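The two complexes that follow have chain A in common; it is paired with chain B in the first and with chain C in the second.
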Partner chain A sequence: MRTIIKYVLFDLLRNKTIIVYALILAAITISVSGMGDNASKGLLSLLNITLLFVPIISILFSTIYFFNSVEFTELLLAQPIRRKTMLLAQYAGIAIALSIAYLAGVGIPVCILYYTAATITLLVSGLFLTLIFSALALLIFVLFKDKTKGIGAAIITALFFTLLFDGLLLSFIYSFSDYPVDKPLLGLISLNPVDLARVLVLLQLDVAVMMGYSGALFKKFMGSATGSIYTVICMLCWTVIPLIIAARVFKKKDI
Partner chain B sequence: MIEITQLTKTFRKFKALDDISLHFERGQTISLLGPNGSGKTTLIKSILGLVIPGKGTIKINGAVIKDQWDYRSQIGYMPQIGRYPENMTIGQVIKMLKEIRKDCKRYDEELIEGFNIPAVQHKTMRSLSGGTRQKVSACLAFLFSPEIFILDEPTAGLDPVASELLKDKIIKERANGKLILITSHVLSDLDDITSHIVYLQEGKLLLYKTVEELKKVTGQEKLNKIIAAIMQKNHPKECLHYENNY
Partner chain C sequence: MKQVLLLHALLLYAATGGFAAIIKVHAAANSIHQAIEQAHSGDTLLLQQGFYREHDILVSKKLTITGQGLPVIDGENKYQVFIIAADSVLIQGLQIQHIGKGSVIDMAGIKIINAKCVTIRNNRFINNTYGVYLQNSNRCYIVNNTIHSDTKGEINGGNGIHAWKCEGLGIKGNSISGHRDGIYFEFVTHSYIADNTSFENARYGLHFMFSHNDRYAQNTFMDNGAGVAVMYSRGVVMYDNAFNHNWGDASYGLLLKEITDSKIEHNRFIKNTVGIHMESTTRVDVRHNLFSENGWGVRVQASCSGSNFVENNFIGNSFDVTTNGTMMLNVFNHNYWDKYDGYDLDKNNVGDVSYYPVSVYSVITEKIPPAMILYHSLLTNIMEQVEKVMPSIIPDMLKDDQPMMKKLKL
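Coming up: the complex of A and B.
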C-alpha cells in the first residue's frame, strides 16, 4: 500500500494541474490579505474562496485522474494485490497531493500573515473538504464505467453541495417559516459538507451571527466547543462513509 | 494448470462468455482467436480476476480463484493498451512494480536488456510512443518469471525487430514448461509459436484443438489459411467433432 501511495505522489506532485492549483490559491490568498487590515475580514474572504474552489477542484481533478489511470489500475490489479488496498492507496495518494497543494497555497501564506486559532480551523476545514470531495470522486469512479458520465456526475455533485443545497435549504426555511424549523435545520446542515466547513470556521470567528442562519443556529444551540466537535465528527463521517461504500462496490466491479 | 468449467459472464443482456469449459496445461502456447467482441479479453480478464464471472469456476493449480488475490503472483500479464502515470519515468515504473512484488527476488531482465530499456529509462511515460509503451508492458509481464503468461495483443504496435525478440522469448519460456495464453489478430505472428488454438465466437467456444490437428483437417500449412478455411465453414463440423485429445 505504501509503495503505491509513494509512486502516486511521485506522479502527482509533478502534475501541472496540481502545481497551478497551488499557485492560484497562493496568489488569491496573498492578494486578499493585502486588501484589508482586518484579520477577521481577510479570513472570511479566504473562507469563501476555500468553500468555492476546493470542493470543485478536488472532485473534478480526482475523478479525471481516477478515470485516466484505469489501465494502470488494471495492470496493478493483475499483480498480487487486494482490490481494497489498491483503491485506498490511490485515494490516499491523490488526497495527500491535493492537501499538500492546499497547504502550500493557502496554509503557508496565511500562517505567515495572521496566525490565530481561526486560521487553523480554516485550514482544517479546507483539508476536510479536500478529503471529502476526493472520497466522493472515488465513489463516482467506482459507480460509473464511462469517463464522460463520471465527470458529469462530479460536476453535478460539486454544484449541488456548493450552490443548490443552500437554495433548497432557503426554500425549506421559507415554506416552513410558521413552524419551529431550527432543529431539523441543524440536521439538514449536517448533510452538506460545505456547510459544515463554513460552520466550523464561523464558530471560531465572532461573526457567526452575522453570517447567516446556519452559523447563528449552531452558536445558539451548541456553543463553540460542542458545535466544533459535532461538525468535525460529521465531516469525518463524510470522508469515511463514501470510502467504505466505494471499497464495497469496487470489490464486485468488472474492470 | 488452468481449469475453466462452465464459465458464463453477462454484461446486462449481452452474453460475453457463454458456458466455456477449457483446460490448459504447462508447456502449451494457446492462441485465443475470434472476431472482435467474441469474448477473448473477457476470458483473459476473468482468469486475472479483473472481471467477476456470473457462473462457473476457474481453478489455477487446483485452487478456485474466486475472491483470491495471491494466485496472481504466478501470472505475468501484458495488457492490450498500456497506459501509465504520465509523469513517471520508465525506470520508476519498473522500480515500483519490483517494490510491489517484494515476494520475488530474482528478476528476468532479458527483455529489458533486449529492448534496450536502460537507455531510455529517464524518459517520462507521457513522452513515449505507443510501441515503446508496449515494450515496457512486455518487460513487466516477463520480469518476475511467472508460471503463466497472459499476453493480450502482444505484437500490436511493435517494430519487426522487437516483435521477433518477443516471439523468441515466448518460445523459450514455453520450452521452460510455462503456459502461455495469447490473443492476437496478426495471425502470421502466431505461426511459429502456437501449439493450440481456441476459437471463440459470440462468447461461445467453437473449437479447441492442436495446430497439428487443424493442419491435418484443413490441409493448410499457415495459420491464417487454416482459420480462413474454418471460417468459411468448409470444415467446421469435422473440426468440432474431432476428438479432443490435447
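Coming up: the complex of A and C.
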C-alpha cells in the first residue's frame, strides 16, 4: 500500500497542476490578506475562497486524475493486491497531495499573517473539505465508467454542495418560517460539509454575534466542546462513508 | 445710600469668612457625624486623610465637605454613606466605597434628596451599589468623578449616576464603569451630559427614560452590555459622542424608542453590532455621523417616520441599513456609502443613480432570523449581486437618490 501511495504522490507532485493549485491559493491568500485592514475581514474572505475553490478543485481534479490513471489501476490490479487496498492507496495519495497543496497555499501565509483560533479552524475545515471531496470523487470514479459522465457528476456534486443545497435550505427556512426551525436546521446543516465548515469558522469570528438569537443557539451547540466534536465526527463520516461505499462497489466492479 | 453701605458692609463681613468656619475632621468613631452636628450652615469640613467607617451621614445644612489626601469612607458593604438634604452642598476629594445593597432602599455613595445646587466633584466611588443618586433635585453638578464597581451582572448592580425627577443637571467629565447602567435618567429635563466615559457596564452606558430636552455631547460609550438606550423622550440632542465596540448578541450602539424631535449629529458609531436601532421614532435628524465597521449600520423599523438621514458616512458595515417592512417614511439623502458602485457623469460629486442601502439578505434575515445560518455562503452573495441589478425583494422606497461619490468630511 505504501509503495502505491508513494508512486501516486510522486506522480502528482511531478504533475504541474498541484503546484499551480498551491500557487494560486497562495496568491489569493496573500492578496486578500493584504487588502483587508483587520484580521477578521481577511479571514472572512479567505473562508469564502476556501468554501468555493477547495470543494470544486478537489473533486474535479481527483475525478479527472482517477479516470486518467485507469490504465495504471488496471496494471496494478493484475498484481496480487487486494482491490480495496489499491483503491484506498490511490485515494490516500491524492488526498495527501491536495492537502499539502492547501496547507502550502493557504496555511503557511495565513499562519504568518494572523495566527488565531479561527485560523486553525479555517485550516482544519479546509483540510476536511479536501478529504471529503476527494472521497466523493473516488465514489464518482467507481460509480461511472465513462469519463465524461464522471466529470459531469463531479461538477454537479460540487455545485450541489456549494450552491444548490443552500438554496434548498433557504426555501426550507422560508416555507417553515412559522415554526421553530433552529434545531432542525442544525441537523440539516450536518448534511452539507461545506455549510458545516462555514458555520464552524464563522462562530470563531467576530461576526458570530450577527447571527442573533438563532446564532446564540448555534453558538451554544457548535461553539461548545460537544459541538466541535460533533462537527468533526460529521466531517469524518463525510470522509469515511463515501470511501466505504466506493470500496464496496469497486470490489464487485467489472473492469 | 446708608442702606447700600450697610449691605456692602454685610457682604464684606460674609466674604471675609466671619460666618463660615473651617472644621478639620480626623478619622475617629463618628467624627463626621459630630462635625456636621457642630457645624453651622456655610461651614467647611476638612476631612483629613484616613479611613472613616461611618454611614448614613445626613447633611442637612449648607456645608462644604472637602477631603484632603483622599480620605476613605467605607460603607462596610452594609450601609449607605452620604445623604444630602440641603441646598448648595459641595462634596469633593473623597473616596466612598463598599456601599451595601438593600432590597427596600437603593443604597448610594451619595444620595441627594430634594436639594438644589449640590456639587459633587473629584471623588472616587468604588464598589458601590449606586454611585450618586439624585432624587427630585434640581441644578446639581456631578463633575470629574471616577465611579467604578466590580459587581458583575444586571440584577446585582445599581447605576453609576442615577437621577430621578430632576431638572437642569450638569454631569461632566466622569468615568463610569462596571455598574448596571452608567448614567440613568428618569424624568430628568433640561440637563447636560458631557465629556463622560461610560464603559463595561452590565446594561446600558447611558439610559434615558421620559427625559425631555436633554443634551449629551462628547461622551464615549464603550463595551457596554447593550450600548446606549434613549426611550420615550423628546427634544434630546446627541452631539459628537463616540459609540464604540458595543458588541454582543443583544447590543446596540444607540437604541432609540419612541423618540421625537431629536437630533443626532457628529457622532461616531464604530464596531457595534447595531449602530442605531430605531423604533417608533418621529422627526429625528441624523446628520454628519460616521457609521463604521458595524454589523448593521442603521436599523430603522417601519414604525419610524419623518426622520432624515443626511450626510452620513457609511463605511465597512456588514449591512448598511435594514428595515422590517416595505413602508419607509424616512428620508435618506446625500450620504456616502462605501458599497455604492454607481457613476457620476456630470462630475458634481453626487452619484447619478440611486443607491438602495438595504441588502436582500438583510431583508430575509429580518423576516426570518434563522436564515442567518446562510450568512456568507456563496448563494447569498450571488443573491446580493442579482438583486443589485434587478431589485425585487428589497424595499424600493428606501433609497438614497443623491449618494455622495466621496467620503464626507465630518
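One rule holds in what follows: the second predicted complex is superposed on the first by the 242 of 255 C-alpha atoms of A that agree within 3 Å, B and C clash if a C-alpha of one lies under 4 Å from a C-alpha of the other, contacts with A are read in each partner's own complex, and residues count from 1 in each chain.
Keep this in mind: a residue touches a chain if its C-beta (ideal position, glycine included) is under 8 Å from a C-beta of that chain, and two chains touch if they have at least 3 such contacts.
Fair warning: this is a prediction, and the values are worked out from it, not measured in the lab.
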item: Joint occupancy of chain A by chain B and chain C, clash or fit; value: fit
item: Partner chain in contact with A:Leu185 - chain B first, chain C second, else both or neither; value: second
item: Inter-chain angle, chain B to chain C through the CA centre of chain A, in degrees rounded to a multiple of 10; value: 180
item: First (chain B), second (chain C), both or neither touched by A:Leu47; value: second
item: Chain C versus chain B, contacts on chain A by residue; value: C
item: First (chain B), second (chain C), both or neither touched by A:Lys252; value: first
item: Contacts of A:Leu169 with chain B and chain C, given as first, second, both or neither; value: second
item: CA minimum distance (chain B, chain C), superposed complexes, angstrom; value: 35
item: Residues of chain A touching chain C in the complex; value: 38, 44, 47-48, 51-52, 162-163, 166-167, 169-170, 173-174, 177, 181-182, 185, 189, 194-195, 198-199, 202, 206-207, 209-216, 218
item: Residues of chain A touching chain B in the complex; value: 3-4, 7-8, 10-12, 14-15, 68-72, 74-83, 252-255
item: Interfacial residue positions of chain B with respect to chain A in the complex; value: 11, 45, 48-52, 69-73, 75, 77, 79, 81-88, 92, 96-97, 99-101, 103, 137, 140, 150
item: Contact footprint of chain A on chain C as seen in their complex; value: 247-249, 251, 273, 293, 295-296, 318, 364-365, 367-382
